[in-house]
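To start, the structure itself, in structure tokens.
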Amino acid sequence: MTELGVVYRNIKRADRAATDALAEFGSATVHEAMGRVGLMKPYMRPIYPGALISGTAVTVLLHPGDNWMMHVVAEQIKPGDIVVAAITAECTDGYFGDLLGTSFKARGARGLIIDAGVRDVKVLTEMGFPVWSKCVSAKGTIKATIGSVNVPVVCAGALVNPGDALVADDDGVVVVPSAQAEDTLKKAKAREANEGDKRAKLAAGVLGLDMYKMREPLEKAGLRYVD
Amino acid sequence: MTELGVVYRNIKRADRAATDALAEFGSATVHEAMGRVGLMKPYMRPIYPGALISGTAVTVLLHPGDNWMMHVVAEQIKPGDIVVAAITAECTDGYFGDLLGTSFKARGARGLIIDAGVRDVKVLTEMGFPVWSKCVSAKGTIKATIGSVNVPVVCAGALVNPGDALVADDDGVVVVPSAQAEDTLKKAKAREANEGDKRAKLAAGVLGLDMYKMREPLEKAGLRYVD
Amino acid sequence: MTELGVVYRNIKRADRAATDALAEFGSATVHEAMGRVGLMKPYMRPIYPGALISGTAVTVLLHPGDNWMMHVVAEQIKPGDIVVAAITAECTDGYFGDLLGTSFKARGARGLIIDAGVRDVKVLTEMGFPVWSKCVSAKGTIKATIGSVNVPVVCAGALVNPGDALVADDDGVVVVPSAQAEDTLKKAKAREANEGDKRAKLAAGVLGLDMYKMREPLEKAGLRYVD
Amino acid sequence: MTELGVVYRNIKRADRAATDALAEFGSATVHEAMGRVGLMKPYMRPIYPGALISGTAVTVLLHPGDNWMMHVVAEQIKPGDIVVAAITAECTDGYFGDLLGTSFKARGARGLIIDAGVRDVKVLTEMGFPVWSKCVSAKGTIKATIGSVNVPVVCAGALVNPGDALVADDDGVVVVPSAQAEDTLKKAKAREANEGDKRAKLAAGVLGLDMYKMREPLEKAGLRYVD
Amino acid sequence: MTELGVVYRNIKRADRAATDALAEFGSATVHEAMGRVGLMKPYMRPIYPGALISGTAVTVLLHPGDNWMMHVVAEQIKPGDIVVAAITAECTDGYFGDLLGTSFKARGARGLIIDAGVRDVKVLTEMGFPVWSKCVSAKGTIKATIGSVNVPVVCAGALVNPGDALVADDDGVVVVPSAQAEDTLKKAKAREANEGDKRAKLAAGVLGLDMYKMREPLEKAGLRYVD
Amino acid sequence: MTELGVVYRNIKRADRAATDALAEFGSATVHEAMGRVGLMKPYMRPIYPGALISGTAVTVLLHPGDNWMMHVVAEQIKPGDIVVAAITAECTDGYFGDLLGTSFKARGARGLIIDAGVRDVKVLTEMGFPVWSKCVSAKGTIKATIGSVNVPVVCAGALVNPGDALVADDDGVVVVPSAQAEDTLKKAKAREANEGDKRAKLAAGVLGLDMYKMREPLEKAGLRYVD
């Protein structure tokens, strides 16, 4: 799968309008719309609460303790992209800080998803540049070994192909294959269409048991009540 | 221990006044008052800082990846309750989101304690509906298998019987068996009675060594000072 | 290495001015200035975001579930110190709460670094007394066994000698041996000298590839671009 | 739930014949027969492969780093018992070694299940005294604080009442409430009745798809084949 | 990436001879030959020591707590295959036991790689059917939800495409993309060609420093010796 | 603490006779004799059961993913030494395999203690060269960055100075400061002096309660019996 030492310059990005529109639904709804696949592992957490982005993936594959390729991927960023960084082995080092954050932001990146550590989180928070990471670590990295840019990567248990759409918020990070972005958007819209109505009913005290007509199937499944 | 497929409708709840009064002391003091037992494991964290609740437990036992019984337990909630959700195996899925949160809140629940994942944490935070959970995950669940409501459950390493009192805050979640709620309240009050005085002394620079008369027992235990 | 039952009263603290000046650079820059050694493991997290301190270490070695020595170390605190607490085995108990926090603060401590749990985090946050810890736990401790004060300790994977300088912030905790405080300060200053200039360039869209002249070494290392 | 400082001398043990007969079915089959509840968490591992025991639970509740009650529980062991040790907080210390193993064995214990550490595993292995534990650790414990014997305990996520039946092998540890031992045995026997037949068919190349008549339900569930 | 509800019957398997020949080199050498990519995470451990296999991947994607698709994948096994099982979320359940092991073996499978739990490990060991898994658990699963067979999956952090070659032994599990099997074999052979010679020299006391001519580069890198 | 880029050739090793004699007592007894300090964390496990060694420490500090210094430390090994390898950050890579094992053995090393991964464990087992490690991983390392040899290191939570005595067996790894080796040996002998007698009594059914005269102190501590 993984070529080392290659930078793919031309990637097919997911439909821009669909990708951008996915943000409003959030990762949980988009994950449902996908059929409950494509979620990164829940250890991926945002560096500050409330961040919510969608965008197209540019990927970078790095070696443990080496962030040289972060500078290479910066050049491949186009406005609306999110950088997805995978490491060839487990690593908690802080690959990314406020200088790279400044550079990525200037290139138009909406955020970073990294299966390792990040640092300068206070400044990145002040800058409003969101990062989802495995951990926070002050430990810096060296620049000695080359990896790749825009190859398929596995990040936090999810396969990410260059150009895939991503949705990231407080609930996690979901990957939407580029060919499915528009279809997923449709399904997400459909899911949310009657959510307001449902919420109003539930707020009024109506039970899901009744609203979703669950009493009969539960009884069939053998549920019994004891007074 | 664990019956599957049963909903107990009538449970004996801990004394309401005592349960409600426990909140003011917080989980740390209540845990001390209990003799240092009954604490859930420290991986249970609130979705937002500052939440502080006490209440009576309604319990629900769920299967991995299946939140059907969440709708069943909703009907059993009475004002002042806290829902305690245990899973029959390790699971990080997001069993609970803003729709269920709306329903639980409408029924009078004060919060949710769940040994699994939660999602829509941004909306739940805005709603002021506190959840203590093992993790946050966008991953939703199915509705296929029945569990039980108001059976004894083990949640995050602690045994919870239906009707037990619970105290949950930034420091964790403590379970107070319903028969012990009033006695625990008394002990918690006693512990706090002279805390203000102690705090004032310590703030004035008095040492715990002197305030608690520890110098002699420390010397007896063999502690020696080297200049 | 580890004497038990001893309190060293006289320790040689790192240069005060240098130690205090390190705070402004933060743990990430100081760690770089140290040659990327001396960082505690990334599981050490602050109880609230935004805290940033430097100070001189007074150390305390405690037994699992026993915080007796916390009162002993309180007496050894001088203004500008940070207490570093190590445990002789893995433990998640809450060794430290608001009363000890009040005492430590009154003695002039700037914070606590503990390789175990802490409690009363809401009050400690309100007091503005920062703690970096492995976890938060309501579980209190007993006072039965003596440890030591101001002996060398291993805390979260880092060796801390009494009097060492420490820098702690959102990115982690770095230990600077007392003899190296001034030299490390110089190196940290040198690192930051041209950061503002770099940041401005990167913000203007200049690539690190060009600013750091990386294109040639990357090509030599074998990196190839594919259109 | 948890009284501290009490030793219950008289407990009602699960039916001896049923308890002893459960061993032959192993933890996986017994867990199925129970309806898939009552399993301890999978971090509980045997100190040597191949051990397989069933027995009746005598329980002991210990404090972190303190094994005093191990000597108290020894007196309560009757032949055919298995000791279940729970700790009031997370602990990895080695509570149990070859001397206690010798004592437990002499009293008729068949093994130990402990939600903490064990040591002297080489000698315990040579003695043929099996232990299921969270970890192995050379660290010993003190004898300073009292806990309880034969109270209900939560061990590795499972509730164990004194007298419950236990089955432990390479696959894990299952708790069978004493009142359910005989019924569980019946169900386990029924499950295994035609296992030999099934195994023979599968060994001959018959597919589970056909043997269990799954093709139709899979098709109904929407499974499609692509050539 | 992940279609649900589909079984691909025709997959292009890696070259048989090359795949089979990879076993002799072991996962460490093959991983080196691959350029140090393609390794599953080190939490994947064999159920017994000494197992060593290579083979072609048939993949199965399962839901948490549901092993229905295990019976579907059994039919797609051809002699020389290794089944790779991925789960759509974190799960520790025991998806696979001796009955399925008998079936897989009868179909010609050489082993199972599963990012979840396995059970009946004693019998599987006696059968000589090796499994690499995240854990061992007696907990069984249900058969309610369909996944997919022979779609690309992420297993323990590695991307596996149907037909890829796999090498698994005590050191871990490596994935070799099917198109690279022959080339990787060549590289592995080249790596091992002079290993015997090296081993003899090292056994005779020759230092790697001299054998690999490292003294000069180490000196250039700044290494200094202190007597 | 940690100088980088230095090799100390002359270190003061712990007394040879005392160091060698410690092996017979094992890590648990030696840890007790030390006053329960100096134990590495219990995640350190031997690659095969039954290994038992003592020896003098030569230390090596490595960077993540880089084993260059392993060849440098090889030259500093003297017969009776054990190599202790620490990494400047968390890493699971396999730093050490059968070639280095051959070299270390030829130089007289008795084993390796490494706070990272090891590979070729099958061959190392066949060679009888024991390794205690954090994990097993096929992933190899590069040779690009220099660390140090024979500086003080923190390995798995324990401080190791060059020349310290080490005891490693199935129960874990204990560090004995070189100046304390002889005294620790004496204490270990004293502890074991009457173990045989105790074991015989316990095997005969005498209770620890009586042998250690615990009944009175337990009663004083408040323990009560309920029939």
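So that you can tell them apart, the chains are marked A, B, C, D, E and F in the order they are listed, and the count of residues begins at 1 in each.
One rule holds for everything that comes next: a residue touches a chain if its C-beta (ideal position, glycine included) is under 8 Å from a C-beta of that chain, and two chains touch if they have at least 3 such contacts.
Just so it is clear, the model here is predicted, and its values are computed rather than measured.
**Q** Could you run down the chains that neighbour subunit C and subunit D together?
**A** B, F
**Q** Thinking of A-B, which of B-C, A-E or C-D forms a repeat of its interface, with over half the contact pairs identical?
**A** Answer for A-B: the repeating interface is B-C.
**Q** Indicate whether more than half of the residue numbers at the subunit D-subunit E interface occur in both copies; give same if so and different if not.
**A** Different, since most residue numbers here occur in only one copy.
**Q** Need the CA-centroid distance for the pair subunit A / subunit C, whole Å please.
**A** 31
**Q** Per the centroid of Cα atoms for each chain, what is the distance between subunit A and subunit D, given in Å?
**A** It comes to 41 Å between the two C-alpha centres.
**Q** Using mean CA coordinates as chain centres, what's the gap between subunit B and subunit E in Å?
**A** Between these chains, centre-to-centre, one finds 42 Å.
**Q** Can you pull out the residues of subunit C that are in contact with at least two other chains?
**A** Where subunit C meets two or more other chains at a single residue, that happens at 36, 39, 42, 89-90, 92, 137, 139, 145.
**Q** Kindly provide every pair of chains that touch.
**A** Applying the touch criterion to every chain pair yields A-B, A-C, A-E, A-F, B-C, B-D, B-E, C-D, C-F, D-E, D-F, E-F.
**Q** In the complex, go through subunit E and note every residue touching subunit D.
**A** On the subunit E side, the touching residues are 5-10, 48, 68, 70-72, 74-75, 92, 94, 97-100, 102-103, 105-107, 117, 119-122, 125, 135-140, 143, 145-146.
**Q** Which positions of subunit F touch subunit C when the two form their complex?
**A** 1-2, 4, 35-39, 41-42, 88-90, 152, 154, 157-159, 161, 175, 177
**Q** Show which residues of subunit E lie in contact with subunit B when the two form their complex.
**A** Going through subunit E, the ones touching subunit B are 63-66, 89-93, 137, 139, 142, 144-145.
**Q** Quick one: which bits of subunit F touch subunit D in the complex? Just the residue numbers, please.
**A** 26-28, 30-32, 36, 39, 42-43, 45, 49-50, 52, 169-172, 174, 195, 198-199, 202-205, 207-209, 212, 214, 218, 221-227
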